[in-house]
Structure formats: structure tokens, C-alpha cells
Amino acid sequence: MVTADLSAARRIHSSLSLAAPIRAGDLSRFMRPLITALIVLALVHGGLLFVQPTNAPAAELAGDGPQVGVVFDLGGRGDKSFNDGAYLGAESAAKKLQARVQFIEPGDGSDRGAGLRLLAAERRALVVGVGFIFTDDLIELAKEYPDVNFAGVDFAVGTDKFGDPIPPPPNVAALKFREEEGSFLVGALAALVGGSKKVGFLGGMDMPLIHKDEAGYRAGVMHVCKDCTVIAQYAGVTPEAFRNPSKGKELALSQYQQGVNVIFHASGSTGLGMFEAARAMGRGHYGIGVDADQYGEAPGYVLTSMVKGVDNVVYDTIRRVKDGTFQGGIFSYGLKEKGVGYVYDARNRALIPDSVRARLLDIERDIVAGRIRVPSTRS
Amino acid sequence: MRAATSAAIEDGVLPTLTALLVALVAGDLLILSYGQAPGEVWRLMMSGTWGNAYGIGQVLYKATTLVFTGLSVAIGLRAGLFNIGAESQLAAGGFCAAALGLLLPTGMTPWLAIPMCLLAAMLGGALVGFIPGVLRARFGAHEVIATIMLNFVVLALLNWAISATGLAVPETLHTPPVASSSIPRLAAFFPVFHGSAANGTILLALMAVTVSAWLLFRSRFGYELRATGLQPLAAESAGIRVPRIWMMAMVLGGAVAGLGGSNFVLGYKNYFEDGFNGGAGFLGIAVALVGRNNPFGVLLAALFFATLSQGGLAIHALVPKQMVEVLEGIVILAVAVSVPEVRRLLRARPAPSATTLPVTV
Amino acid sequence: MRERADQGVSRAAGRGAGSAAVAPAVRMSGVCKFFGPVQANSEASLEVQAGEIHAVVGENGAGKSTLLRVLAGLYAPDGGTVEVFGRDVTGWSTSDAIAAGVGMVHQHFMLVPTLTVAENVVLGREPMSGLTYDRATAESRLETLSRESGLACVPSRLVSELSVGEAQRVEILKTLYRGATLLILDEPAAVLSPPEVDELWRVLRTVRDAGATIVLVTHKLDELMEVTDRITVMRHGKTVMRLRTSETTPAAIATAMVGRAVRLDANGMPVGADAAALGLAASTDEDAGAADDHGAELDGASVSEAWTAILDAGAPPDEMIVSSARNRITRSAPAAIISAPTPTYADVPRLRITALTVPGPRSPRAVGALSLSIAPGEILGLAGVEGNGQTELIEAIAGLRATTSGTITVDGTDVTRYSIGKRLALGITHIPEDRQTRGLVLDYSIADNLILGRQTHFSRSGRIDRARTLAFAEDRIKAFDIRPADPNALARSLSGGNQQKIVVAREMPADFRVLLAAQPTRGVDVGAIEFIHDQLRAARCAGKAILLVSAELHEILALSDRVAVMYRGRIVTILPRAAASEDVLGPFMTGAAS
């Protein structure tokens, strides 16, 4: 009982040997070797301090254009979506507009503000925060550095008590996307290609941001097929729901078995399970990707992908800084501004009949022209 | 007495110093491998941290959270428990402070609101510490497993509370600001710190260090706690209720880590944001290790790791941020090795004739 | 592997025969070793001939263990030279030593409790079949080794299930398995029961006869006489004498190691001697018997006479404890002891145990419906082969182990359901069997250890009163002659005897009622044994009740008023001291009589 428990604790504790002081006896004889080690290390370090490598790579993407700083979200580079999109946009701005760009990847929450501040203090022409999470930091800094331009990708625009949007400070560009427009198009596509009166939607975490996708998708389906039904399911209520491919596969399989032929996912890597399910079901079953072109996940089974043009938007903002046309305010990017869209290229052309393509182009024109109003909330 | 002092220096300082130098040299090599000049990078790191008031402020801010989580881990280790749960204790503390802050009437005087929120933070952390504590004391469940598992549970619950219950401001992952209980920033008293996140919580951290040191080394409770950690059977024989000590150590550690949540929630952003903990709880383990489970050592170690973290931002233009993470790892490893195992290695110096040792027949 | 051991042994034998005259197996000279400010060895020397059993003796803290550790490569000396078989190996490492056939059997066992005996023995040199551990081969090799060396063991048992004696046997086997031809044993007999000790000596002789050389530290002078060839005596870190066993007496050795005869002459017979005299009187013989109850009445003259008599006879002053209590007792037992004072069996016993059943780790009835009582001023000795429930009984009385039925009362108060702390407060104190894990916090200072369990008395409003603690510690250190006399020294840095003195000093405050003394002198040097025995006797005079458990039958016979024998969780007999002797108790201990 207690005894066994205690001895176990003791073993573990002693095996960690964290708190075990050294025996008083063994001291002085270790002084010399330790000090020798100290001196040697100090000398090595001292020597290395003066080494000057000849071919130091450029600290930043260089050019004589505007100086730009980009602070990524905690996810950082390599997420194949958001942050990478911003990187691509800035990179092409460096190439085409000779912008000088410095990137910062924060380590923890307080680094966000610190990273923005670091760049603002250098009086860069434009400081971009990638992700809604930068909203507060951008507002705070914009007031402090009125002469610096800021931009926030997915900037969260607050509402006052009357429900009207509160505009950001004049030197902040809030870059927003109308994902629902892209979803509307792929919804229409799903209904037209699927042909089974049933289409599927697979959401990740059950939250407003994803509801926006579902709402647009649902409306798109209804627009071309009044008597179609949309089976919408979510993988969960926590962020885990964006990282659960097996759950995604399970949900997608059940939808396919109910007679759904096309499913649109907005669920991060959970959607990878959906592609796998499509492949398992075989010919005639498709998935629609999100954010980036996901054709490569399951060639032949990816009907298209709804893409969000973070790269275009970032590039566009840098261009406006260079042109001197930058101004603050809420910028909403939809089909019209090429902020959202769907993939139609050599790889998936065969999956989309020309008649369908023509119909989609019509719808796109109607949305751009305002003849179709796309809802951004459910019901 | 002189011998005792020099022994203390050898014991506490030399191994740590060696470990730091090892990390520095490793850092030099890493920087070189990236094609940069070590001298320039270190200079940039220092100027971005201790070189200006803003940098100092940022270091102090980061150190404040680390002091709390480091103390939390150190208290556990002194009792013989490895508390891996500082991360979720920190998050829970921050959440409770914000939750209570939101419930309090907006016009309430900060003199009352702040202590109440701090208390809530401690209670939140203590509750998260209590669960593995009671599991250990009552059922013998290993605290490492329990705290790791609880990290998942608590962080997921908090995330759910923020994102799925409508507690968060729409389109964000944080609560609305807490109006009444905001701890003033340092910049309010010393304008040079303008813009930095450093705030009054830093005083709280210093108090926590002093109180923990007193509690561990001067109080009867600390005497019993350390005895339990060093020799649980002897403590048991002496009538010390070992399970109770374990539980109290976990509760206390949880409370301290929870208090750390106030640094972000009450001192910096004034709201709870999902994920604000950002690994500070786990880094607390490293802080406790490098600080040798001594509250004052924890303070120094927290400053060190905060400098590394803030410095990483400053040298971002030259080397990738991962370098700082690698450095942190090297420091932890070097310290873990040099205390006291390196000594044993040094002791086993080979004898002159040891290599030519065929046994004569 | 066994072949290797054989090879080693024969090699050593060859060398012993051929080159012993040229180079001794071990020659250490001028060895100095410092631990911080403490000098453990100063100009110590040791010379061991190949093929002999050589004992290193001395008081605790005399530097014996340190010297042998230098020899085994555990410590590098700060000065001096170490030669093994004529080769200078000063400052070598343990792995060098093992490679050269020098193996140390540790006092504190370095076995992995979760592995089996065979796995422990072959650890680091596992027989493999392909890439996996070959269990069958390991066990069969161990069985062979066990048969040849005469050290019995069950290869498949877990080490965690072994008794101390069995664990030590495994340690010796492990050393032999590694091909050691020079075995170093640090107090091998200290942790063994009497039959096991006899067994050990037999084994060591066998190993020696096969050509190996053995160096050992021991405190048991009488047994030393039987088994060793030569003896080195150390005092205060120095080597003071080297003797051939056949040419000396235990008395001479004791005098050399304690240096007491000299001190005694110089000091005459002041304060400390009173206790010493009591000790003598209590268990030597009838003429001083009254001392038990009336220590104060003993007049100085008769004490001096007693001392003088002993000294004249050539025996050391502490002969009774030092050399062979057994001889004296058996000699004087029949008639003499009967007149020893019978303790006053008061109406209420201090400690009464009724039908107590205690589950143990391997049996639900490690103690089965056991009853006993101890009167005020009585020492009850609990004899028995280790592992027959003594530990469980003591732990149950101390509150460390749950009981399933029965009651424990102290002065009429039922304490069966009391917490450990409450029992302590009531005056039940406990000298635990294993001082290093149960008795002391090794990384606490002497002062902190002295208040362990009584920290509440030494604190004011939640704070430990340092000043009062230190004052108390200094007082205890002086009273118990704990060395070094520095209250801030870590318990870990003390010798075994001095560590035990801390425990005894702490567990025998003025106001305790019942003392549970488990192996109070295990692994402790002669001087400390004497001191601790004196303390126990003094406590008896003060009306305390003492339950004494010891693997040393001598110790039990020397101290107890009554002797109980425990066998398989029960008390098989309780005898008055006068009726007890090794011969009488033996059959009860082995279960042959009941």
C-alpha cells in the first residue's frame, strides 16, 4: 500500500535526480576540471565571435521598392494555406515590385504585438499581420504609429451596439474575404455535376467562420437545384475537428452511402479523410477542396477546390503602397476582386462538362454584378 | 564556513555556467551554419533585449509568466512530484481571472476587483493541480500521466468554452475585455517602457519568489515538503502525512501557475485568449531545471529564457526562429547533464596505466 | 563466463604461488583522501598478500571504507600510490578494476529490484542468443556458479523479493561472475543473520582456497579471528597496525582500534563512565546485577574494580560488546543470570499487543494473531530469522502498516487506529531497520534530521525556529558524540555509525514511552554499538518499554530481559533471559521446536 507507493515515488524521483544535491564530500576535486572546461568553452566562444562568414545570405528579400514587414500567425510558414499564401504574395511583390520584405514568426502571444512593433518602429511602409488574431494589436499600434500603414488579413471588424461595423483606424486596411461567394460557386458545381439531388458538406469545427462556407454552399446548391438536399455535418466542436482525417473519412463515407456524389469540405486536414473516402468509393464520387488547390490529394476525385487568394490580396496591398494609393478601411475581397474563386485548369477540366463551366461563368457574372446576393450566415 | 560558500558556488553556479557556455558555443556553430557572424547576431540579440527599455520591458513581461510556471514546477519537484501540468494550470488561472472579471460590475474599484481576480486565477490553477494531486494521494495514479492527460482535457475545455459557447468576441478567440480589474503596465509609471507588455504582475512574481523561498526553506510546511521529496519513507516514519503533502504541493503549484495567467489576462491584454499560454507552462519545466528548483534560481532562469525568447525575435532577420528553440533545448540538456552526472564523468579520469592493462600472469 | 572466473582464480593462484614474494596482491602506501575539508585518509597504507583473507578494522569514520573504495577505483586518491599485483594502478576507474579482476561487493546493494537474480548477475555481460537475452543460459550458468561457490540462490526470483542476506549473496555472485580474483567486501556481515554469517565465512574460505584474495571490512572481531589471515587496523584515517591473525587476540585488536585503554587511564572515571558501567553490569554477570534498577547506587569503587579486573585480564574495556559477548554469556549463563533483577511487572504493561494480524507484501498474515506485552522498564528481545514478520510487526506498531485485526495499546490507550503522528506524540518511537531510507533524510543536515518528526515543537507560527533547532542539535551532538560535530553537515556525509547515532538521539527523547528498536546497531562500529546499548539500558532504567529486534543474537541476549522468538509471523516462545541461550533459541528460530 503506502509503502510500495512511496518507494515507487522515490525511485522515480531519484531517477530524475533533479533535486539531489551533490555530496558535500566530492566538491573541491571537481573544481579544477570544471573550471578548465569553462575556460576552454569561453575561449572557443570568444574565438567564434569574431568569425565573419563571407557569403552571408541576404537578410531580407531585397529591392528598392517599399519596405514591407509581415508577421505570421502562430501556425507560421509551411501551413500550405494562410501563412504560405501571405508569403507567396509578399515574395512576388519583392520580385515584381522590388519590395523589401522582412518576415517574423512569433513564438508566443506577446510576440505578436512585439513583432508588429519591431517592424513599425523601423517605420516600414507597410506592416502586415496575417490572421484575425492580430486585430487588437494592429488597432493599438496603428494609433501609436499613425505614419505607418498596416494591413490585417482576415481582420476581425467589430460591431457597435447598433450592429454597425466599427471602422478600423485610418491607416489600417482590414483585408476580408467573402468566402461565401466561392462556396456558392462550388455549391452550384456540386449540384450540377453530382446529379443525385443530394450533395454533401463537411465542416471542421462547428463555428461561425465555417458556417459562412456552409451558407454560401447551400445557397449555391439551391440556386441551380431547388429540390436538392444538402447533408451538412461537422467533425466536432473543438479545433481538433480540423485535424481529424479518420473522422472526416467516416463522415464522408456515410454521406456517399446516402447517395451523395459530391462533398465540399471546409475542415483543414480532416478533409483529407474525405478525399480518401471518395477514392474508396470509386468512380463518380468527388470531393471539393478548400483554401488551396487540393487536386494532388486524390487525382481524379477532386472535382475542384475553393481557393482564397491571400497571395493576391497581399500583393495587391503592397502594390497600392508602392503606387501611393494605399488607404485604410475595410476591404472585402470576393469574386469580383479575385479574392476567392475555384480551380479550373488542365487537371480537372475533364471532370467539369463545358455546359456546367458555362453555367458557372454566368453565375459568377451575376454575383459580381450583384444580381445574386450570397448569404453569409445560415438561414 | 568559507569552504561551505565555495562549495555552494561550485555546486550551484559552475555546472549551470558550463551548461550556458556549451549552449553559447552550440549557438555560435548554428549561426555559422546559417552563414551569419556569431558576434553580430549576439550583439543584435542583446540590443534587442537588454539594449533598450522596450526590449527590457518585453523580457520582463515574458519572464514574469515563466517565474510563475517555473515556481510551480519547482514546488512539485521539491515534493518529489513532476508537475507537467503548469501549462493547463496557467491557462485555467487566466480563464478564471477573466471569467470573474467579466462577472464583476464594470464600475467596481480595481482595489477590490484585482485581488478578487487574482484569487480566481489561483483557485482556477489550484483546481487543475488538485485533480492530479488527489489522484496521486488517494489512488496512487502517477502525477506525470495525470497532469499530461489533464493538459489535454483542460485546454480543450477552455477552447470549447471560448469558441463554442459564445463567450468570445465574434471572429476572435478571446473574451471581451475585462473592464474593472486591469493591472497597470509599467509604462504607466515609467514612460520609457512605452509599448512593452511589462506590467505590475512583475511585482507579484517577485513576491511569489520570496514567499516560495520562505515557504520551502524556512517554514515547517516546507521542511515537511522537502523531506517528503527527498526521502518519502523517512518522512512517513516521522509522522508526516505524505499523501497530504503531495496533494498540497500540487494545489500550491497549480495556484502559483494559475496566478501566472494574470500576467497576460489582467496585465497585458485584459482579456482571456485561447492559447495565450503558448508553451510557457512547458518552458516552466526548463526554468525549474535550470534554476535548480530554487526560487531565486527560478527567477534568474526565467530572465534567461525570456531573454532568449525575446532575443529570437530581434535576430529574426538573420537566423530562423527555430535557432532559439534549438538553443533552449541545448541549455536544458546541458544543465540536465552537468548536474550532477558530468561530475561523475570528470571523476572517472583514466589512470596513467589504465590503457595498457594486460593482466600479468 | 564461469570459465573466465575459473581462469581468473587459477591465474591468481599461480601468481600467489609464484610471485607472491615479489609483489603482494595489494600495496597501498601514503594514501590521502579529502572530502571537502574532511580528511578521510591520511597516509593510510595497506598490504595484502595474494590468496589471503585480509580484514581492515577500525572505528567508524576511521577511513576503512574510503581506503577500500580507492582500491576499487570508486575514488581517486589525492595522494599516495596504489599497486595491484605489482602494477601501479593509482587513480584507476572501477571498470579498470573489474577488468583486472578486482571487484567490490557493496555495503548498500546496487541491484535492480525489478530484475531477476540471474538478470542482475549477468547484467552488462548477458549471454545472448542472436539478438535476444538468453535466459536459460544465464540461469544455468548462475546455477553452476552458485553450486561451485556454495552460495545458494534461486536464479528466477525477483531481487525485490529477496531478504537483505539473500541480496548480498547475489552481490557476491555478481562479483564472482565477473571473474574477480580480488574481492573487496565492505562490512559483509553487518546485514546478515547469524546462520548467514557462518555461511558467508564458509564461502569466503572456499573462494580463498580456490586462490582468490579477499579484503574485507568488519566489526565482528570474534568472527574475524576465525576467518582472516591478516588484519590491518586503522584509526583516524591512518593505518596504525598490521597483524597476523594467529599472533594476536581480539582484545589487542580492539585496544588498537579504539585506543580506549589509553584514554581511560587518562580520564579516570568521570560522567560518561556511569553509563558504561551500567552497560557492563547489566549483561556481564551477577555481581553488578543490581545496576539495572539502581544504577545510581553503584559506587565508583566497585566500578573501578570491575574495569581494573578486566584490564588486568588483558581484555579491552568494552570487551563484552567488542569481542565476544557470546563466549562470556554462554560461560556465565546457567546459574549466574538467574539472579539478574526481574523487572517490576506493573499492573498495566506499557505496550500490549493482542491478537494482532498484519498483512505483508507476500503474505496476508505476515504477522498472525500475535500477542505480547512489555512492562515498564523492560527490554523484550525479538529473535528470529529475518523475514518472519518482525519488520511487519514493528511497522504495524509504529503505524506504518495497516493491520487487519487485533489491538495495540500503550499505557492502556488503544492506539490501533492512531495515525503515525499521533503515535509519535503519544511517545511511541521507532529506530527503523533501514536508517538510510526510513530513518534519515540523507540530504538534510544533522540538525534537520534531529528534529524530524518533532518539527512541530521546533516551529513557531509555521516557521522552523532555526536558533532553537541548532541549539538542540548542538546539545544532542555533544550528548551522543556525533561526528563531525557540525549541525549543518549533511547526514549523507556521515559514517554509518554516526548516522545511526542521529536516529537514536532523535528517537530517544526524554519523554518517550515505547521504543521500537529494529536492528539498532546494524552496520555500526564498536564504539557506537557500545554507546547505543548504553542508551537502551539507560532507557530501561527510566521505565521505558523497548521492543528490540535484531539479527544479532548476541545483541538480544546482551540486552533483553525476556526473549521472544518469532517464526512465520507467530511468537513460538517467550523465555526469561536466564533461560535463553543461542542453543535454546536456535531450534525455535528455525521452526524445529515450538
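When the chains are written out, they are named A, B and C in that same order, and each has its own residue count from 1.
We adopt the following convention: contacts are C-beta pairs under 8 Å (C-beta built on N, C-alpha and C of every residue); 3 or more make two chains touch, one makes a residue touch a chain.
None of these values were measured; they are calculated from a predicted model.
Across the two interfaces under comparison, A-B and B-C, the one joined by more C-beta contacts turns out to be A-B. With centres computed from CA atoms alone, B is the chain lying nearest the middle of all the protein shown.
Annotation: 71 Å between the Cα-based centres of chain A and chain C. Computed from the mean C-alpha positions, the centre of chain A lies at a distance of 30 Å from the centre of chain B. Distance between chain B and chain C, defined via averaged C-alpha coordinates, is recorded as 45 Å. For chain C, residues touching at least two other chains, in rising order: 36, 76, 400, 437, 443.
Residues of chain A in contact with at least two other chains: 2-3, 7, 10, 20-21, 24, 26-29. Shared interface positions of chain B, defined as residues touching 2 or more other chains, are 7, 230-231, 233, 236, 347, 349. Residues of chain A that touch chain B in their complex: 2-3, 5-10, 12-13, 16-22, 24, 26-31, 33-35, 37-38, 41-42, 44-45, 48-53, 55-57, 59-60, 74, 102-111, 113-115, 117-118, 132-133, 135-136, 144, 154, 156-159, 205-209, 237-240. Remark: chain B residues 6-7, 10-11, 14-15, 17-18, 21-22, 24-25, 28-29, 32, 34-39, 42, 48, 54, 58, 61-62, 77-78, 80, 82, 140, 142, 156, 159-160, 163-164, 169-174, 195, 197, 229-233, 236, 242-243, 264, 268-269, 273, 275-276, 278-280, 289, 293, 309-310, 312-314, 316-318, 320-321, 324-325, 340-343, 346-347, 349 touch chain A in the complex.
Those residues of chain B lying in contact with chain C across their complex are 3-4, 7, 218-221, 223-224, 226-227, 230-231, 233-241, 347-354, 357, 359-361.
Chain C contributes residues 11, 14-15, 36-37, 76, 85-94, 96, 99-101, 398-400, 419-425, 430, 432, 434, 437-444, 448, 452-453, 455-456, 459, 462-464, 466, 488 to its touches with chain B in the complex.
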